[in-house]
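What follows are several structures.
Next, two complexes with chain A in common: one pairs it with chain B, the other with chain C.
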Partner chain A sequence: MVVYSLYILNKAAGLIYQRDFNESLKRLSSNDYLVLSGTFHAVYAIASQISPVPSSSGIEVLETEKFRLQCFQTLTGTKFLLISEPRQQNTDAILRRIYELYSDYVIKNPFYQIEMPVRCELFDRHLATYIRGIP
Partner chain B sequence: MTIYSFWIFDRHCECIYHKDYKRPYRQLRSKPDLGSDSIDEKKQQSGGPPTGKGPLSVDDDAKLVFGVVFSLRNIVTKLAGEKESFFVFRTSKYKLHFYETQTNLRFVMITDLKVDGIRPILEQIHAGLYVEYIIKNPLSPVEHTNGVGVNNELFSLGLDRFLRPLSIFE
Partner chain C sequence: MLQNRSSYPSQQSAIAPSQASSSEKSIPTSLTPSAIRASITTPRKVTIYDRNLNRRAPELSLASFAFLFSELVQYSQKNVKGIQEMETKLSDYGYHVGQRVLELAVIREIKTAKRETRVLGLLQFINTGIWKSVFGKPADALEKSKDQEDEYMIIDNDPIVNKYISVPKEMSQLNCAAFQAGIVEAVMDGCQFPARVTAHSVPTDLFPLKTVFLVKLDPVVVERERYMR
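This part shows the complex of A and B:
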């Protein structure tokens, strides 16, 4: 199970966390990451508009030859994007676990300001341990 | 397995062919109205569920679909490299399948969730139907602005005959 990177977007489409776990994808500038997260947020919203059936969510999974992107939107509007290898299973469970880690080590951190970039050492550490520990 | 709609976009980013197979619900959207209630319109348009005055026109739909596809392709190109593109994306209610040829002709199909691996079908539609009935048609123009030349009977019939056995139309 190879996870390439994780992005966390806040309600306003701002990138608040970005981490690469693997060198497989291209290294982009931080501006590129911001543009990417803004674009994805917009595309997510439009995807629910073009739906042929009512009340669709936005994009949940995007598959390409080189990677698979899974998006999990919380009830508060925060989006977790997980980029992994194409034949990855259980990205759903991984994202939920990351959400648990986020709520434990970021939200419950009294010094963290909501919607601001995430700079919590405990979150980084536990995330790295969890990702490395995935079989 | 249900197919909701099928689109073809050319390299000039125009929709040259569009077919709705099953549209159980057309999204209602408020159209910008030049009249009173302009404040209400703005309130409706700024987020929230679509509570429109008129149905979403096919043109608008085509633009939205193309916009989504184009932006996603850009994202994939940035992340994975120049030659890469995405095959399919899934939401909670539908799947959008995408196939782009070497001539920048884009085939988009929106289906329900049960469909898998429709890429060979899109390739077949291009190779077996589009190339046969449109490219090889001596009377069809090279540039299909506004769908000229693409809306010929052979292509539509061929497409129907090809797709109907593959899906369930209720």
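This part shows the complex of A and C:
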């Protein structure tokens, strides 16, 4: 099973973290990553508005033949997007664990400014260790 | 209640204590259970001074400490010119904690504690006793400098204050464990072993947060040690 990449979006649709976990992925330009995350944020907002169910949570999972995109929005509006192989199990649990790591190593870091791009060495390290350990 | 107490002896002679609790008359006397209950229910603010000094507090939440320390570091970042100054500030905050830590440790261990007269004894007390009561684990090593006679090193592989802190590259000189160094310095000073304590990062692959606390003793202490030998 493979986890391809992780995106973290702040509540204003800004991309604050992007990381690929698979060597085979082609790198896009940083602008393209911003466009991708911005588009998803918009689609998510529209989906939660036009849903026939009242107070819908918006898009949670997007499944295609090639990949599976799982979205997890925290209570504060930060979005975690995980792109993985379609067969990957428990992606929601993985995202919750990543959220835990984020709240530990990013939010508790005194040098991190909220809503700004994440540059925390410890977060990178613990995230890599965790993703490597996923069965 | 005082008035009732004056009438207590005459009541005692009349009614046996076991009966007293059930009888209507004796309730106001200070020794009956109902009177004790009444004194507890009277509204009174419980402060930190009312708690038992010797009862070890249960383990505290690391998350709330981390947030508090994070704010402390952000606060110390304000109005400082350089990293050196910021470390001094953090160390000063730690100093205030250390003074109280020593006081509490000495009072708590009053039966077993002895006054340390040698540097090594004191450092060992800091290494195990203080570290354990403040950080929940003993420090990982205590070493003496090979070149300098007045330098000792306390080594912590994973200091608790740095657990969630990633220092940005442009501030790589900074180690927030300066706070911890301040605690050690206060304990040394309080035991009449004046010293300068500084924290230095020595990252290794296994322990990326490894920190060495360098204890540089005051010349006075070195001289005294020489006499004691």
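Simple rule for what comes next: the second predicted complex is superposed on the first by the 131 of 135 C-alpha atoms of A that agree within 3 Å, B and C clash if a C-alpha of one lies under 4 Å from a C-alpha of the other, contacts with A are read in each partner's own complex, and residues count from 1 in each chain.
One rule holds in what follows: a contact is a pair of C-beta atoms (placed from the backbone, for glycine too) under 8 Å apart; a residue touches a chain by one contact, two chains touch by 3 or more.
What you see is a predicted model, and the numbers here were worked out from it, not measured in a lab.
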Partner chain in contact with A:Phe40 - chain B first, chain C second, else both or neither: first
Touching partner for A:Cys120 - first (chain B), second (chain C), both, neither: second
Partner chain in contact with A:Tyr105 - chain B first, chain C second, else both or neither: second
Per-residue contact with chain A, leading partner among chain C and chain B: B
Contacts of A:Asp32 with chain B and chain C, given as first, second, both or neither: first
In the complex with chain A, residue positions of chain B that touch it: 4-5, 22-25, 27, 29, 50, 61, 64-65, 67-68, 71-72, 74-76, 78-81, 84-94, 96, 110
Residues of chain C touching chain A in the complex: 63, 66-67, 69-74, 77, 164-168, 171, 176, 208
Residues of chain A defined as touching chain C within the complex: 104-105, 108-111, 119-123, 125
Complex contacts: residues of chain A adjacent to chain B: 25-26, 28, 32, 36, 39-40, 42-43, 46-67, 83
